[in-house]
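As structure tokens, the structure follows; a few thoughts come after it.
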Amino acid sequence: MEFIRYTKTRRTRRLLAFAAAAASVALVASGCASGGDAGTGGGAEGDLSITFIPKQLNNPYTDVVLGGGEDGATAAGFAATEVVGPLEASASSQVSFINAETQAGTSVIVIAANDPDAVGPALEEARAAGAKIVAFDSDTNPKYRDVFISQVIAKDVALIQIELLAEQIGGSGEIAILSATANATNQNEWIKFIEEELASNPEYAEISLVAKVYGDDDDTKSFQEAQGLLQAYPSLKGIISPTTVGIAATARYLSTSNYKGTVALTGLGLPNEMRPFVKDGTVTAFALWDPAQLGYVAAFAGKALADGTITGTEGDTFDAGDLGEREVGADGIVIVGPPTTFNADNIDDYDF
Amino acid sequence: MFNPPTELLPTATNQSGTRTAAVPSVGGRTGIARILLSRDTVMIYALVAFVIYAALFIPRFASPVSTGFLLLDVIPALLIALPMTLVIITGEIDLSVASIAGLTSALMGVLWGAGLDIGPVLIISLIAGVLAGAFNGLLVAVLGLPSLAVTIGTLALFRGLALVVIGDNAVANFPPALTSFFTSKIGGTGIPTVMIGVILVAIIFGVVLHLTPFGRGLFALGYSKEAAIFVGIKVVRAKFWLYVASGSVSALAGIYWTLRYSSARSDNASGLELTVIAAVLLGGVSIFGGKGAIPGAIAGVLLIGTINFTLRLGRISDVVLIIVTGTLLIASVVAPSIFEGVTKWLHARRHRRTLPQASASGATRATASGVQERK
Amino acid sequence: MTLDTSPPATSETTTRRANGFAAVLRLREIPVTLALIALVTLTYMANPLFLSQQGVKDLLLNATIVIILSVGQAMVIVTRNVDLSIGSILGIVAFSTGTLFVTFPGIPIVLVFLAGMALGALLGSINGCLVTVAKVPSLVITLGTLYIYRGLNNAWAGGTQYFAGDRPDSFGALSVDTIAGFPVITLIAIVVVIIVAIFMASTRPGRDLYAIGSDPEAAKLFGIPVTRRVLLAFLSNGVLAGLAGVLYASRFNSVGATTGTGLEFDIIAAAVVGGVAIFGGSGTVIGAAIGALLLTTITSALTAIRVDKFWQQAIVGLLILAAIVIDRIARIRTAKKLRLSEARDV
Amino acid sequence: MSISPEPTVKRSMTPLLSLRGAAKAFGPVIALADGVVEILPGEIHALVGENGAGKSTLVKILAGLYSLDAGDFLVKGRPVTFRTVADSKAAGISVIYQEPTLFPDLTVAENIFIGRQPKNALGLINRSAMRNQARALFERLGVRIEPDRIAEGLSIADQQIIEIAKAISLDASVLIMDEPTAALSGVEVERLFQVARALKTSGAGLLFISHRFDEVFALCDRITVMRDGEYITTHQTTEVTTDQIVREMVGRDIGALFPKVIADVGKTVLKVSDLSRTGVFTNISFEVKAGEIVALAGLVGAGRTEVARAVFGIDPYDHGSVELHGARVKPSNPQAAIDAGMGFVPEDRRKQGLVMDLSVARNAALTLRNRLSRFGLINGTTERRAAEEWTTRLQVKTGSQEYKVSTLSGGNQQKVVLAKWLATEPSFLIVDEPTRGIDVGTKSEVHRLLSDLAGRGIAILMISSELPEVLGMADRVLVMHEGRITAQLARADATAESVMHAATAKLEHSL
């Protein structure tokens, strides 16, 4: 696993951004900079270029994913790697970035879609221009992409979360879910599996899901949603937050209120963000896959697509560098790996 | 037609009896020079210069593909900037435009999702925009409430209604023929087909503002409401219809947004109001009202759009874009003040040098009109 | 929200001259206060947990930052200006707070507060300078700095976020610990409101701000140092936004590039709902603070009574409009009353 | 803080204020070349001159708004340099402008004491002390104004009084009043004069700027004349006549001030019947015939302008009717009034008559915008030509039609207002205070023009607060009091006494 390199890239990119910002207060300077940059971005004939378009820049989780992606791109042999994206996660804002990449003749576009459909027409145009489309993290409508790199098997993620929570609340009581946005594809899939599991598994018969709320992956909003949940449902025993922003905000609220220790919290979180809450007892255990691997595999999948090694049909296999061989499953989905559970015993072993 | 009666007035008998106050040199330019140096014309130069610069020095910029992508991106802002120019010229503001676009989009999604034909869906959505604009107009024009506060309220209200209508859902399955029409280009020019409609709307607003009695009235209204009333300008009616126009065009922008991205969501176009206002102000429209022109406003939108596009081509972060937008906006309004200040200071310095001797002799007493004679 | 209760206050003005001035001012705050009381009462009846110890604490905590920002904004609006850049100022200060704690572990908390407020003062006074020196409307200038400050924040922070764990526990405790039921940061906000309220109501520079907003030209003719006073308003607003930024870092988990985005209209709305006239000259910071409390309470109340959260924003919008309309009605009534009393005088 | 001027009057001959050789230029424009003024203790000094003579510039220099380019400025014998208004105030100079500059949102008391409110032990504003001091001031001035009410909605006269109270509370030794009576009616003017004389007795010096010679002669001890930015001379009031002053002001003899030509009166053009608006005016009925100038006289606040506004459709009315040439004019619709042939030269040129930031041409053509359009579109050339037609005819002095109208002098601005209405070829014209704030030269031009227009068959309704103007110009005088027409006087019967009686009779009773 390559977590160490990520920190470095993050800092470098930050410096670059700062330098660019400073240089560009004068308009001409910005133009020059863009001129200079574009030479490398375009790529010479035969050289493959890859561009990552995350949901939103400047998001810690995204940074980890992208760190892995950049490592993967280098390892896979891309000549040029770029990261572009909007500063705020909105459905349509990714479109113009896709357009610019289409125009730049980028060979592989790796995207985490804010809206499965809004990016569709733009992606189709990019494909028409010869680009390969890899969706990762959050899928687009399947018809717009070649493969989707999924963190884990959706059902596994759902099951591990409900299992963790059931254990923490002693197998019975009211629970709620604090999600990201209501039309985030991955979130909804997990929630669906959680609901199904609650309904079908007799072990969870005593548990009732009373509310689903959405914090829009915004720290303040998630914080207030968590607060509202506890007020509206006084007998709430536990919360599942399958999003890194949501779980951290909820943990922050719990740790500062008198619900600390009485209301259980689990979900998907970054160990670095969650460490204090695990240590102070607000959170017992939570889960996550290795985000860096997600980007890493996406880069290799892109390379395989661009080389023509795979087409994204079920059963295709490709080499994913250090992570070995991966197989394309049904609907062009590639699974990265099983989720890890973090708790007070092992959290210090991870740095992301 | 107007035909003045001949020889009505003998009036002012002697010239010297009516001494004009000295006419300051400011505003002394006439005709063509004035047009060539006006604020909005300068904006157009800036746009042209930047496009030429980008075409020469930014790889891949000079292609029809750029035209297409660029225009597709700016169309919503371009559309809304048109009525916004008129509204700001009358001294008011409309912050709710993006929310109206969002509401329209949400409504479209729900109606289409409910199985209505696309025709009625479009018509009802447009009507919603008209009504939203009329609601603003009612509060601002008829009840005379401050537009800044009112439209902050409706900014929240309309966005809220969008949420109420469609919630967190997104509707995406609009007819492919229609959505692909919205991204189609005219032949090989790269110009989006919908630009024809946009240009049409722009011409309508340009003509209304610059060539009709109504437009004349809007400028007067922006400077002085009282004076406008006295020459028979129907202030309430004019403002009301401007807000209706603003609502309708925002609805058009909302429809465009929905079909271009084939995604109807409550958060569509959010934050667009500030972009539009920044672009319009950059285009030389005065926030105090009374000053501005449609070509300038369009140039403002296109300039920001082009810079934006160039930065993306160069893969420079949006961070730079926001800083550049902010700096341009401030520079464009501060520069004239600084220029004026420097001019004044220079004058003052020159006069401090010449004046003492002038008043000592007591003879020099030149006023600008130069028709003084002492008796 | 009803208007029924204003008559007693109005009749008081005619009978008791001594309280006339205060009564006119109070008039603007009455509707919003009543709305707040009604809201809290109704919500409490629907869900008693709303006023539990934790419930009250949450209400106050939610309002704290908004209150501080609204009070600052009210100072600016009273001078017939507006500052749209506060969300960006808050963001940049919140991030710098996080940075300070990480860069200088063990830095005294007081120093962090001072640094945050100083940074806020700097950014606020840049706004003020541009507005007063260039004589360009504040709406345009602060729209520009809204972008620039946000851009700088993004450039500085990049993807970096600092989390609660990066900051000392005693700092986070400010928004957890309570004194007499009030969270510490709320007490800070209350002190701020009181200080600013006294400044605005009972000091000469404070009254100058009202005079400037009431008639900027007359203020100049009268010899009020308009430039300095407007600068002061922007600077104070910056300081308060800076304070809010530091408190944000204390209360919330993460601070980063997008912290505080989109706050501007909420804050202006709070001031307007609290009876601060958008064109300056009247309104009080107490009103603005109550307005802020009302708006944040609505959010909590709707959640507490499980109203569909999609209605939230629409209700806030309606409330803003109601506030403007009520203010207008109050004005017309006052004007009518004055005309009548004038007629009696003649 | 003491709120009364010094009780002991020192009659030394050191002038309170003395300005010599004062010069001020704005860019290439010299506004003041050689300004001279001297104010002695216990003196009311008049400053007269045409518009553009440099009076306002001089006042602004004294007020500390403008800095001197050259000249000697002494206050109580000591040279001073004012950089700000505060400097001027500190030197004991107080200025009351033509339009009172109160803060509408603040209370009356606060308006008086803003910036120097009395403080309590904690350094905070002491409201009750402030209130009491304000009340004491009003008692001294013999007026009743509630200190705790907000200033918004006060009558102009009351606002002037508050300005004076402010000046007194400042212990001002010099009080400068820039056309304070322009908006006041007879009774209010008299009240102002009483206050002025009281101040004079207490040893203060007053500088009084006015276009109304009757007032100047009634009130002032000495008169300083200015012309074209220069000092001309100073007279003792007792040793000079109006004619002489006017000559010195304009630098030539001026013809009759009121060149009234009695025109043939034609058929009725305007018929107003039983017009009422609750609380504003009641049962107003009158007619104006072609070729007739009808004056609407009365005190400020009697409802004259309000009636005119309702006739023109700017304000609504509750009942009654307005007919032009026998056809009813739609209420509340100025455009309909204009289309029917009405014109309205409003009292406030800067706010109502003109759009100050627009060019002369645009202003002059604003009334024609509908008529000038063909298929709904305006042709710029036609517009300019139409504008030029009338501005040329009225001899508006401007370098170019494209100049902003704000760059013109007051008189020329008023001509642009007239031009824009004459361009519509009105058959009925309302002129509200047509010569307010205009210099003597242009004034007589305007009067000649009005007379001429009437001669050409236009019916004119003239509102004026200047009695000489009413008596000199009108064929008939309607007098209003408290929203009703109290007298209708033929030209022969109209005298200062008869008009004033009708305008104030009731008021005297109530006092």
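Letters A, B, C and D mark the chains in the order given here, with residues in each chain numbered from 1 onward.
Heads up, the rule we're going with is that a contact is a pair of C-beta atoms (placed from the backbone, for glycine too) under 8 Å apart; a residue touches a chain by one contact, two chains touch by 3 or more.
On a predicted model such as this, the values are computed, not experimentally measured, just so you know.
K.L.:
Between subunit A and subunit C, which partner chains are common?
P.N.:
Shared contacts of subunit A and subunit C: B.
K.L.:
With contacts counted as C-beta pairs, which pair of chains has the highest total?
P.N.:
Comparing chain pairs, contacts are most numerous for B-D.
K.L.:
Among the chains, which is located farthest from subunit A on the basis of C-alpha centroids?
P.N.:
Measuring from the centre of subunit A, the most distant chain centre belongs to D.
K.L.:
Rounded to the nearest whole Å, what is the centre-to-centre distance of subunit B and subunit D, using the mean of the C-alpha atoms as each centre?
P.N.:
About 38 Å separates the centre of subunit B from that of subunit D.
K.L.:
Measuring from the mean C-alpha position of subunit A to the mean C-alpha position of subunit D, what distance in angstrom results?
P.N.:
Each chain's C-alpha centroid was found; their separation is 72 Å.
K.L.:
Provide the C-alpha centroid distance between subunit C and subunit D, rounded to the nearest whole angstrom.
P.N.:
Computed value for the inter-centroid distance: 43 Å.
K.L.:
Send over the residues of subunit B in touch with two or more other chains.
P.N.:
Answer for subunit B, listing residues that touch two or more other chains: 167-168, 271, 317-320, 322-323, 327.
K.L.:
Going through subunit C residue by residue, note those that touch at least 2 other chains and give them in order.
P.N.:
151-152, 154-155
K.L.:
Send over the residues of subunit A in touch with two or more other chains.
P.N.:
17, 20-21, 57, 87-88
K.L.:
What chain pairs are in touch here?
P.N.:
Here the touching pairs of chains are A-B, A-C, B-C, B-D, C-D.
K.L.:
Quick check: in the complex, which residue numbers of subunit A touch subunit B?
P.N.:
My answer: residues 17, 20-21, 24-25, 27-28, 30-35, 37-39, 41-42, 51, 57, 82, 84, 86-88, 90-92, 95-97, 99-100, 102-104, 115-121, 125, 141, 181-183, 214.
K.L.:
Quick one: which bits of subunit C touch subunit B in the complex? Just the residue numbers, please.
P.N.:
Per the stated touch rule, the residues are 82, 130, 133-137, 139-141, 143-152, 154-155, 262, 265, 268-269, 272, 278-279, 308, 310-321, 324-325, 328.
K.L.:
Would you tell me which residues of subunit A are touching subunit C in their complex?
P.N.:
Checking each residue of subunit A against subunit C gives 10, 13-14, 17-18, 20-22, 57-60, 62-63, 87-88, 213, 219-220, 223-225, 227-232, 234, 245, 248-249, 251-252, 255-259, 272-273, 275-277.
K.L.:
In the complex, go through subunit B and note every residue touching subunit D.
P.N.:
Within the complex, subunit B touches subunit D at residues 1-2, 4-5, 8-14, 16-31, 34, 207, 211-213, 216-217, 219-220, 223-224, 226-234, 290-291, 344, 347, 351-352, 355-356, 358-359, 362, 364-369, 372, 374-375.
K.L.:
Which residues of subunit C touch subunit D once you look at their complex with the stated criterion?
P.N.:
13, 17-18, 20-21, 24, 198, 201-204, 207-208, 210-211, 213-215, 217-225, 277, 281-282, 334-335, 338-339, 341-342, 345-346
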